[in-house]
Amino acid sequence: MDSPAIGRYPVPSLSELPDDIRARMLAVQEKAGFIPNVFLTLAHRPDEFRAFFAYHDALMLKEGGLTKAEREMIVVATSGANDCLYCIVAHGAILRVYAKNPLVADQVAANYRKADITERQKAMLAFALKVALRSIELVESDFDKLRAHGFSDEDIWDIGAITAFFALSNRMANLIAMRPNDEFFLLGRLPKK
Amino acid sequence: MDSPAIGRYPVPSLSELPDDIRARMLAVQEKAGFIPNVFLTLAHRPDEFRAFFAYHDALMLKEGGLTKAEREMIVVATSGANDCLYCIVAHGAILRVYAKNPLVADQVAANYRKADITERQKAMLAFALKVALRSIELVESDFDKLRAHGFSDEDIWDIGAITAFFALSNRMANLIAMRPNDEFFLLGRLPKK
Amino acid sequence: MDSPAIGRYPVPSLSELPDDIRARMLAVQEKAGFIPNVFLTLAHRPDEFRAFFAYHDALMLKEGGLTKAEREMIVVATSGANDCLYCIVAHGAILRVYAKNPLVADQVAANYRKADITERQKAMLAFALKVALRSIELVESDFDKLRAHGFSDEDIWDIGAITAFFALSNRMANLIAMRPNDEFFLLGRLPKK
Amino acid sequence: MDSPAIGRYPVPSLSELPDDIRARMLAVQEKAGFIPNVFLTLAHRPDEFRAFFAYHDALMLKEGGLTKAEREMIVVATSGANDCLYCIVAHGAILRVYAKNPLVADQVAANYRKADITERQKAMLAFALKVALRSIELVESDFDKLRAHGFSDEDIWDIGAITAFFALSNRMANLIAMRPNDEFFLLGRLPKK
Amino acid sequence: MDSPAIGRYPVPSLSELPDDIRARMLAVQEKAGFIPNVFLTLAHRPDEFRAFFAYHDALMLKEGGLTKAEREMIVVATSGANDCLYCIVAHGAILRVYAKNPLVADQVAANYRKADITERQKAMLAFALKVALRSIELVESDFDKLRAHGFSDEDIWDIGAITAFFALSNRMANLIAMRPNDEFFLLGRLPKK
Amino acid sequence: MDSPAIGRYPVPSLSELPDDIRARMLAVQEKAGFIPNVFLTLAHRPDEFRAFFAYHDALMLKEGGLTKAEREMIVVATSGANDCLYCIVAHGAILRVYAKNPLVADQVAANYRKADITERQKAMLAFALKVALRSIELVESDFDKLRAHGFSDEDIWDIGAITAFFALSNRMANLIAMRPNDEFFLLGRLPKK
């Protein structure tokens, strides 16, 4: 049986890709054991690919007041609100790995209010969901609520910017009909050996 | 009287900016006569600045089946749906200039169905608004409707990707409380001398 | 080239109109330099025309605690929420003229929270938007919030009644596909000579 | 025990009213046996009162392709969608009387699709609800659907304009907290003796 | 003339029903004078019928801190929010009978905020509507608001569980197109002789 | 460390439960290896417990045109739309087991349009989501669409009734803050040994 398509658009073969993009894919494959479909499907447009991952790295790999797990929580909660299959499954896996917690991703994707996270993290996700769904209504008191939990203004930029970036990413995934790799569904659910 | 702030976050002075970012700003200023606040406010985070404009240029400056005015129509219509003040005003100005039409931006921002545009352009904006607001519901027949108007699959990617990029941009503008430069309000409304 | 239609329904010629309606139109034309399309399109139904403008005048020309510019702000903000092209453009122009401010109309139409207006005016528009969009949820504390800003109960009636009247007006404009006169787009944007 | 207030604003006594307004009230009282609270509460503002009822009469008492019962159906269905207590109860009573049907008002207020009305009337109410709730989305094919049921363009104006007028009326009733007269609840529910 | 159908699915005759179901219907008929259509239409599936009424009785007939009228208020308010014709009309009738009040059902179905009920009852209905429409957002402070009105945690379970049961019931009535018996429309509207 | 609470209400110990309820729990434990929290939390109210599971069994264990996996798909898709954490996780597990497919539950919970299911199953879920979210809008053509896929009217009752039952169940789970057992998260994700 054929594998299901990983997206609506043609997927370039590794050999026809520009060197920098192929190098990035091989590096991911080396580390994760497979190439996530977001790399393969976005490579259809090399310039957009480069900008997308430059933006991603600037937000997700930087230093700052948010842990890597918290950054992924923002992705999973807002992608859940946008019902983006690819991002829920792929970033849910990454969240499980970073948080070393097999339950938290499914919790946050459905309802962060019931998740096994701190009150500070719940405030962070409430803000993120407002940015995702009703950003016009942001007012100063929304910022104050986060400051009361110890978030700096730079942290708040991070929360809002990660949400904004995945507003883009969710729509691209739905446009392309990006399929999550099978590997993501199980990743981080079993105790490390 | 002091000028109103152009955003919630500190705005770096030109002299403290990295060379590449300052160069880009000076080039824009040379061409437009002023520096749009999106450059000044996003420069607070140089890496994100670079990724943002690389993405922007990849989508808005590329060749393809959409005219520059059509690309801006997508920005204005979806920013109108998201009630993003900065993007409506700034890209409304750019749309007026590219379309050489002083009316079309206000029309498209309020209700593209009543705008002085073609049926093909209305179909393009109906698709863009679906990507902006309900991308989970995209199905094959949405693509077929655009193909019936002569859009290629690459054009459709452009429509969806521009919409996705401004989903990010609208949220950043609302997060930062980005203020449109006064110049944009009038730009493109008067006949060229 | 033919001018675009100004509405879906037949527009009577001035000569076939009842005297009182023609007189009103000529008076407006004398003052504004053109006849706004709301007069021409609604004249298709003389009795409704008379009631419409009697209602309009009772609300917009009366004395009271709201300035003329504030009354127009209510129109622009609620018409923005209803995406009514005619009212945003036509009353946006009137607002610019009354407020002697070329920026405020576009700001209020998109997001009053970011407009160059007072906190008192923002409270007024928050109430107006609740009347426009969720009037069933009005409770006593909504009135108290306005009283705290110094609005009298008569002022509050004005705010609510202007909003209610333009709920009617927005729907009529969308029903008729009322086209804003080209003149409105530029009105009030240039410094008075 | 005191009667509950019929609204948030002062209600003038008959003796202090302008003659024309008092005359209208007495005429209604003569005919109906009581004065509906919409007259009493709106009389607080005589000029608005006059415009309101002039508009009402122009739409509800005119000749045309819609029966009186059909005009009231539009009021009840759209007031149901807006959850306006006064209009549902008062116009529900009038609808029962005109339609000589004790069931139809409660049916139409809850869900016109299940009411004992014709397919033509269901199409009329579907259009009215679109004007009430999403008038920006009105397109030519909405008009064609009504024409296919034999509605003329003048009938369609009536449907839309009645809906628009009660968009105003519903918001005024909610603003004022207008209380339906007790008499309306039972009116038209019992067989005429 | 034929009577209108009472639902989309076949309705069994009394004689073909299982004994327990027939017995329940006859008991209701004895007491009310007619068999409500919810019994006749759900009898198409005897096992579901039994579970439905066992659940109903467990919630509506039990002892506790809520009066029978208050239980019916919850049904009417949430069925109003769900626009369920059968439940609004049938339970509206029952509410009028229990509350000995001919007005309260129509008030609560349209807008509980304007009904002739206590502040405690308004708090109860605000909670019920949150369970009906946005149960994901329930947080501890919602429970605290009810406790402040003297509701015990068992009372709160009752409020939530009645709402949840009629979320089921409303959807079944809409699925089946369950028609309210004509008798319900008038029940409880006339003074007891 | 204490285990997190499995719900807001007291959970009875097995020994204090009525015999029939304890017997059911032990039977489930025997089969599944653990007692799902829906049993433990609902046992706080024995009469409601009995009605709940009688209803559940009548719908989920009956014969008919829907497979067991299809019944669970309906639960997972509608619980996803209602963001009910317990039902997504618990019934997602059951769906994986019945469908012998480790991916389908996460797919259906996020967006059934992109799931690895048949067109017939997608039509089934489109109908279920309409019952869950907008049941007032159900019309005859919705039934016709399912009939075109070979569903009988009894199958359609099943689809609608399962959806209606989980509208209840989702709200109870959110009311109680029902916590999914840890076991469910992994169940059905690994190949059977």
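So that you can tell them apart, the chains are marked A, B, C, D, E and F in the order they are listed, and the count of residues begins at 1 in each.
The working rule: contacts are C-beta pairs under 8 Å (C-beta built on N, C-alpha and C of every residue); 3 or more make two chains touch, one makes a residue touch a chain.
Worth saying up front: this structure is predicted, and the values here are computed from it rather than measured.
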Minimal step count in the chain contact network, chain E to chain F: 1
Listed pair (A-B, D-E or B-F) duplicating the E-F contact set, over half by residue number: A-B
Chain at maximum distance from chain A, centres defined as averaged CA atoms: D
Whole-Å separation of chain centres (CA-atom averages), chain B against chain E: 51
Distance between the centres, which are taken as Cα means, of chain F and chain D, whole angstrom: 44
Chain B-chain C separation of Cα centroids, rounded to whole Å: 28
Where chain F touches two or more other chains at once, by residue number: 83-84, 111, 136, 174, 177
Pairs of chains in contact (touch as defined earlier), listed by label: A-B, A-C, A-E, A-F, B-C, B-D, B-F, C-D, C-E, D-E, D-F, E-F
Residue numbers on chain B that touch chain A, as the complex places them: 8-9, 44-45, 47-48, 50-52, 54-55, 58-59, 62, 82-84, 131-132, 135-136, 138, 143, 153, 157, 160-161, 163-165, 167-172, 174-175, 177
Chain B residues within the chain D interface of the complex: 111, 113
Chain C residues touching chain E - in the complex, by the definition given at the top: 136-137, 139
Chain B-facing residues of chain C, complex: 4, 80, 83-85, 88-89, 102-103, 106-107, 109-111, 114, 116, 174, 177, 179, 182, 185-186, 189-190
